[in-house]
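Pasting the structures in now, so scroll down.
Shared between the two complexes below is chain A, which pairs with chain B and chain C, respectively.
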Partner chain A sequence: MSAQKKRTFKIEAFKHRVELDPKYAERTWKVLEHAIHEIYNHNASGLSFEELYRNAYNMVLHKYGEKLYSGLVTTMSGHLKEIAKSIEDSQGGLFLEELDRKWGDHNKALQMIRDILMYMDRTFVPSNHKTPVHELGLNLWRDNIIHSGKIQTRLLDTLLDLIHRERTGEVINRSLMRNITKMLMDLGSSVYQEDFEKPFLEVSASFYSGESQQLIECCDCGEYLRKAERRLTEETERVSHYLDVKSEVKITSVVEGEMIANHMQRLVHMENSGLVNILVDDRYEDLSRMYNLFRRVPDGLSTVRDVMTSHLRETGKQLVSDPERLKDPVDFVQHLLDEKDKYDKIISKAFNNDKSFQNALNSSFEYFINLNNRSPEFISLYVDDKLRKGLKGVSEEDVEVVLDKVMMLFRYLQEKDVFEKYYKQHLAKRLLSGKTASDDAERSMIVKLKTECGYQFTSKLEGMFTDMKTSVDTMQGFYASQYSETGDGPTVAVQVLTTGSWPTQPSAPCNLPAEILGICDKFRTYYLGTHTGRRLTWQTNMGTADIKATFGKGQKHELNVSTYQMCILMLFNSADQLTYREIEQGTDIPAPDLKRCLQSLACVKGKNVLRKEPMSKDIAEDDAFYFNDKFTSKFIKVKIGTVAAQKESEPEKQETRQRVEEDRKPQIEAAIVRIMKSRRVLDHNTIVTEVTSQLQSRFLPNPVVIKKRIESLIEREFLERDKNDRKLYRYLA
Partner chain B sequence: MGTGRVCRGGTSARRTYFSSSSHPSACPSSSDYLKDDCLLVKCSVEGPNICTIAVPPSDIAQHFGQLLESEKGTEISFEVDGEVFNARKLVLAARSPVFRAQLCGPMKDVNMHCIKALLHCIYWDSVRDMEKIIGWDAKCASTLMAQHMLAAADRQALDRLKVLCEVKLCEDVAINTVATTLALAEQHHHLHLKCVCLKFVALRQNLRGILSILSQEVISL
Partner chain C sequence: MASRRGRIRFNVGGKIFETTATTLANAGRHSMLGALLDDSWNPRQPAEGEAAEAEYFIDRNPACFAVLLDLLRTGELHVPPNMPEKLLNREALFYGLLDQVRAARWGPFDGNRLQLVDSVSGRAPGDGTAIRAGPDGGCCVAHGSMVHVYDWMLEEHRPISLDYQQVNDVGYIDAESIVISARERLGKGDGGMGVFSSSTGELRHRFRVSHYDQVKSFTAGALSLGSSDYKIFASCKGRCNEYGIGVWDQITGQQVDFFYEPPGCCLGDADKLQWLDGDKCLMVATLFPRTDNCFIGLLDFRDKSVIWSWSDAGTSVSLSLDEKRVLHAIAIEDSRSICVVNQYDDLGFIDLRSNAGGVRWSSRSKLTNRKAPNEESCYPKLATHDGQLFSSMNDGISVFCGPEWVLTSTLRRSYGGSICDFSIGGDRLFALHSEENVFDVWETPPSPII
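Here is the complex of A and B:
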């Protein structure tokens, strides 16, 4: 209002109207009662809101609120009873529709009534602790309609029947269902729950109990799970369409319980189609479905996991004890890797990379790999095979992938020190025979081992590489210093090995041929000239030689043989025939090696540069050997019996194992001393536990051995027994 | 220099950056960072973000008030003492649930009655300019207006307005109006107002004056 418009107008004094008319209340009420009737009869448009509101307002103001309220209750109840009758009288299919329609009408009427009676609702109702109008309207509907004897059961039966029909494939009126359930929710969640949800869940439980019984008899595991999943989706969809959202978790848990939880064991162990079969066949979809369904029920996943674990352990155990498989170590390890790959894939594709399944996989592998105590050796042989030739033409990343996979197997080994021993042996052979396919791959493997086990593990291996490199430099220096002496004499390539780094295979050198001795001595002089204070010993059991041989018809071949074989062959320069004994005397080669060499020189087809009489495979003392004039070969260069890494024979295996055990003793002792030094006083069991945990990254120490070591340390006065308690040990500084 | 210490303000946390005791080989006196046996450390401190923008107070009431004056886009007419005022359905419905029921429901109403001042308050959300609207500066006039407004606000479910009127009535309690005010307060359950009135009545100097006025009113009935 602008300030210019100055209006003067009268304000009347506020007058309180005191109603003296005794019939006032009754008259006013009658107006309102009439209005309510009109509203229920769909004649509201003829009413004046202002008038009705004012009437109700005045009644409350003049303290007739109680009359107004109770009048409302009576009138509304009366109308509702009529409505109930009309609903009850509706025929069959029209029952729900009639109920829905009348509910809609009631809500509209209630809204209008509440608007008119708003003043009473805001002032009289709260101060007299009455139910507000809207809530009152809902309660009256509930009491007169929903809980009326005839309607209550009929309503529930109709709803459940419709749901059952939909479950068996019929199409029903979903929006009508929606309205009805919404009505129940509006009346209060306890009404929804008591009058519908609880019986619904019970009926559903028995429905699904029956269906699951039926299905499990005639379906296989995969099919059953498909059907169960379908039912679950269906129920979820049903809830979203016409049930209250809170029912979802309740109905799904009913389905899960009846269809899955109750039949878990039977499904998983079903013949020809159970979990084991699905795993074997790599059926990712079925596995994924099983995972997702079983995840929903208690102990579901642990059931799946347990079956998978026991199957894995069983197959693994069979794999590692199968003598056929064990004949070829490389193949054996490849099978292990394939099995690991298979399960890794299953876990990532179907089991959602579930950590607990990963752990189960790891523990199973750890279990069965260590059942066979040759596993460390075989894994080393696998790596050896790959590093010799298996990785040719493979890209750098793929090399890494293969080595990483092998490292995974390595981690499962309990006896890592055994692996170290074999790896050293195999590496030595590879390096010395120049058979590494890729230097980078070798280095990469060392790095991986170092990362896994620490510097201690790989320091000697690295020393071996260093020796090889240094030897190349030494040879260059040697030949540079011999420039004046080059002639037709034999050339030598020497690898100088540091004793501590290389696997010790002590053996006395054999008799080298005179032609070789010369240059060997020259080298020795040269080397010791530049490195005083060192001692050189020829390792004739580890070398190779290239010999030019001329045979009967003048055909020249270059033979690549071991040093031992060279010594043997050179003998035939001065004699055409030699007996085994003569050869043995002449070369001083140890018997087992000698026999092997002779076999490879005389008994192998295509490589028989010597002839043997008799022609048998075994070597006897009196056998005679002849230079084989008639030797032929397609190749100019012939390789004879390179000493490749093979899996050890029994006695060799025993020997290696013994060495491993010997090596373990000082490690155990060192661990004991370390522990006792820091803890001072400990009892026996604690020492055993501590030592085991300290050493478990290398091997699993035997408690009996630990006990023996403790006693040895006591003898050597590193420890003493407590005078009172025999189980207690004390550190002696 | 064997040990360097840097103090952080406030918490005075000390950090030892160099210590010669454990690493005798890494002698810091040979470090490149030392000059004349001194270590210079530069650091910059970031403080909290203080926003210095001034936010003006809410002006929604002005906007709606101007809407009333402009009478643009109105759908309802109010007859007040022979005068017609136009208003918008939406604003009335937004401010009072009673208006909402009346205007948006199915029931038709031909005549709408209202107090001009009430309409003003609905739009402006304040009772401060009552004198301007009434055009009458007398104090008792504003009290009468507030009494009417109190009842009307109560009827039309305008709660904040009710409180504003109550406040006004508490301030303006006078001998000639206190009786009515008290009755109003009683009827509409305004306890605080009732309290103030009773206190006023209880004062001896007021009591006689009030009683004489009341007796006059009874006679006039």
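Here is the complex of A and C:
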């Protein structure tokens, strides 16, 4: 009840005051104006907040809001004009300090004024669309201080001068800088941008343009990049210390533009220190710096990439066309692999594994590997070398690594079918001579080829492995059945090879010595007995034999020779001297092979079980051969190799090429027929492109050859030319 | 009575209050109490043990201060029955605590827990056209050429008068600004749309329509305010075939787009526009009795296409009086459908996913008893809020919930006649009655204490 009484009393008190004094508003405002003065003069401790708030409240309540508001604007403007004067009068270096101090004072005063006028801010301001007190205070500060003629330019000059000094190595008062830029930001982003950021960026651009001009004259590429990088970090740091976060992108783009984009070409092509030198020296740190800097500017990375690509192509071209290198295929391929490793490392270490760089690397390799048409052969030889001996004592994982690398090169090859041809030959030799070091490695290589090129590519290679395996079983079966008859006589190990799977040349078998003939016939009977409907032909040109020989002083040696050589030596069991003609007649070995065999038997020092008259390096048709009684060797077992080049000789190469071309014909024809069957009518150019794309995974067909194949198909009436348009072909079902 | 650390003593109008700094912190720095205790106004911190005299005097009503202090302590508002609301609000405004008072008054909107808290009778001579809820709990009512504005305390402000132009629709941009669309009077070249201050009723901005750089006068019909991208949409009818939907920017006030009416779609006469945030398109509904055939369409302004439309033209040859007619429509984005209502208060749904679907009517009309046909009735209206669907019919509002839209509540009052419009906003529901020209305010009470 008492509360209610008090309330009614209070409300009446308000009503009285309204009627009270006509000069009330003026008087109340004087109180408030005085308070604002006191606040600005740091003399607010005597003021009563409650009283001031109540006064401001009453003024608004009694519709004197407008008077209060305009009074505030006038009073505050007056104070700010005084402040402007004192800032203008401040001595040189103290200018910023003074400005900062006054700004702090103003903010504090503004907060207190806002407290007093809170009621006005809440009611009068929104309904009359006035600027709220806080914002008003900032606007007045901006107009009276920052935009006053004498301060505006001085402030900008001082700030830019300080930043310049910091760039040249001086230490400046960063916290003061931060306060000032913070003030500009508080006044609105447009104030910060117009009054500071824009000129700042302009000045920075001219600073860095000058500096970069100077640096590029006296620094090498690596050093220049280091300096540019340092400048970039400096600017980022500057932003984090005392600029607006949004300025970071702008200032770094200025530095990037001036220091990198404008000098890009000159940097990468700099004499003695440009990109090519850095690449050659494997300077990962410089490369990675260059990548990171150039990535920031438009066309930066493509510039780096182009230089790298052209350098790669140039060196690659030299590598594959260097006649010295061509002498040793293994070395040749090893060099390619090393080069690939080098750039792989660069891309992963310095270029962030950038896909576009990887692509450039791949296309460069593809370009220059195929410049040399012996690359497929050499790669196959490299594998051959590794699988024969190179991988002994190497762990399985390392084998995989080597093979994977080879596969990488294989992928670059355009003529994959040529590789296949050589690989088949080399594999056959390895298998037949039992030289494969590791069966697992061989199979792993086949699997890799299979995943890369498909089943078709490797089916014959796999067939070869199967033949080897069944041959072992067959021999076991053979000797089990012949158990009773085996005595001291010679033994044979026959490998039954499926025709077609192996790269065999049809050759007439030579005359086998009588000692062998018997067991050979037995095997033939056994094999045809177990496998009906097959035909066996002896491939005497591919076999080997171990024969025991006794020489003049009774010393015994075991000679490891080829089948041909065995045939020749066996002739000497019955005669000590034979002429070339006699040997040729006795063995029926084709002349080139015979010459080669004789050469290896008679002309190689330390392995000359035969003696030749006259003594010379080459075999002539009227030479005579003697059993070399005086042959000695430290070893019991003597391996007599055939004088056969690992690498193909020129005519052989021609032959292989010929065979490859021959093999391609049906493939091209099949592709043409496949395409025409589905499309019915096509013009010449489209057929060529389609055929090329279909066969790309195996080889790159020559358009001339395609044209010939089309003509051949027309002859055989698979296709016909359109009667009206001669360029069109029609499929004939 | 030695004041210890953290305790604060007030003398309000002669009565002593003692409280803690933590309680007062709930008032916030931007309140009178927050400023009073701020360091800048108390330069000398009273030392420990001293300060028995450190007492803040405030020359205000102690009874109200007690209520407000209790609000700061507990977050709840308990007004003694003998204390007029107006008095309390005035005191809260003095202390800068009006927002806290408003927040404590009513809880988050829930259609099933609504309570009638007030009925405000209007002074307009004729029927009300429309009522719109403001974002802060206020509302405005359009009658003829006047718009009456009420703040959340239901105090009436200066009405907005349009000088005999008929108001077609109103909408809040924010608590301070109201958009009004008005009919053009023949030969006067007026009409159109404007933004008015809700507190003073002043015109702040007029929206223009220009065709080929020529400013045209036009009649603005239904309004829709896009919430996410600050756009205003209005159906427009100009003198020279400038029929269509105009689009303006809420901030700049400039026209940003115009969707000309394609043949077969009535856009300029539309009764209801609704911006669909998810689909970024505008629903336009032109309904009986403005046109004989209902048309509902979805407009995509990016490529100026009608991406979906429905019309009852040609569905039935003979339109008898008993035919079910679509009288109001509202899009429910979550269920990808448009809800419509007919003269029997039946709800119907049209699927937005297929273009040629018909209305799937629910058979609710059999459940509710119809009013006697002789009583004057209003066209039904629909609204949605937070997964609840509201439908006005005669003197009540039905609330539907759940995926099947089951009737869960009915809001009805015994007098006032049928409801001609209602609106939900600021956690309140306002229903405008036609006969007595009064509007009801429904709100959700704050959650119970336990």
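Here, the second predicted complex is superposed on the first by the 707 of 733 C-alpha atoms of A that agree within 3 Å, B and C clash if a C-alpha of one lies under 4 Å from a C-alpha of the other, contacts with A are read in each partner's own complex, and residues count from 1 in each chain.
One rule holds in what follows: a residue touches a chain if its C-beta (ideal position, glycine included) is under 8 Å from a C-beta of that chain, and two chains touch if they have at least 3 such contacts.
Quick caveat, the model's predicted, so the values are computed rather than measured.
Visitor: Once chain A of both complexes is superposed, is A:460 in touch with chain B (first), chain C (second), both, or neither?
Guide: neither
Visitor: So in the superposed three-chain picture, is A:164 touching just chain B, just chain C, both, or none of them (first/second/both/neither)?
Guide: Neither partner.
Visitor: For A:112, decide between first (touching chain B), second (touching chain C), both and neither.
Guide: both
Visitor: Quick check on the superposed pair: does A:126 touch chain B, chain C, both, or neither? Answer first, second, both or neither.
Guide: A:126: touches chain C, not chain B.
Visitor: Which partner, chain B or chain C, is in contact with more residues of chain A?
Guide: B
Visitor: Enumerate the residues of chain A that count as touching chain B in its complex and touching chain C in the other.
Guide: 3, 6-7, 11, 44-45, 47, 49-50, 53, 57, 111-112, 115, 118-119, 122-123, 127
Visitor: Sort out for me which residues of chain C touch chain A in the complex.
Guide: Against chain A, the touching part of chain C is residues 13-15, 30-32, 35-36, 38, 40-41, 43-44, 56-64, 66, 80, 82-83, 87, 93-94, 96, 176, 197, 199-200, 204.
Visitor: For the complex, which residues does chain A have touching chain C?
Guide: Result: residues 3-4, 6-7, 10-11, 44-45, 47, 49-50, 53-54, 57, 108, 111-112, 115, 118-119, 122-123, 126-129 of chain A touch chain C.
Visitor: Which part of chain A faces chain B closely enough to touch in the complex?
Guide: It is residues 1-3, 5-9, 11-14, 16, 44-50, 52-53, 57, 61, 111-112, 115-116, 118-119, 122-123, 127 of chain A that touch chain B.
Visitor: For a test of understanding, state which residues of chain B touch chain A in their complex under the given definition.
Guide: Interface residues on chain B, with respect to chain A: 69, 81, 97-98, 101-102, 105-113, 120, 129, 132-136, 141, 144-145, 147-148, 151, 155, 157, 180, 183-184, 187, 189.
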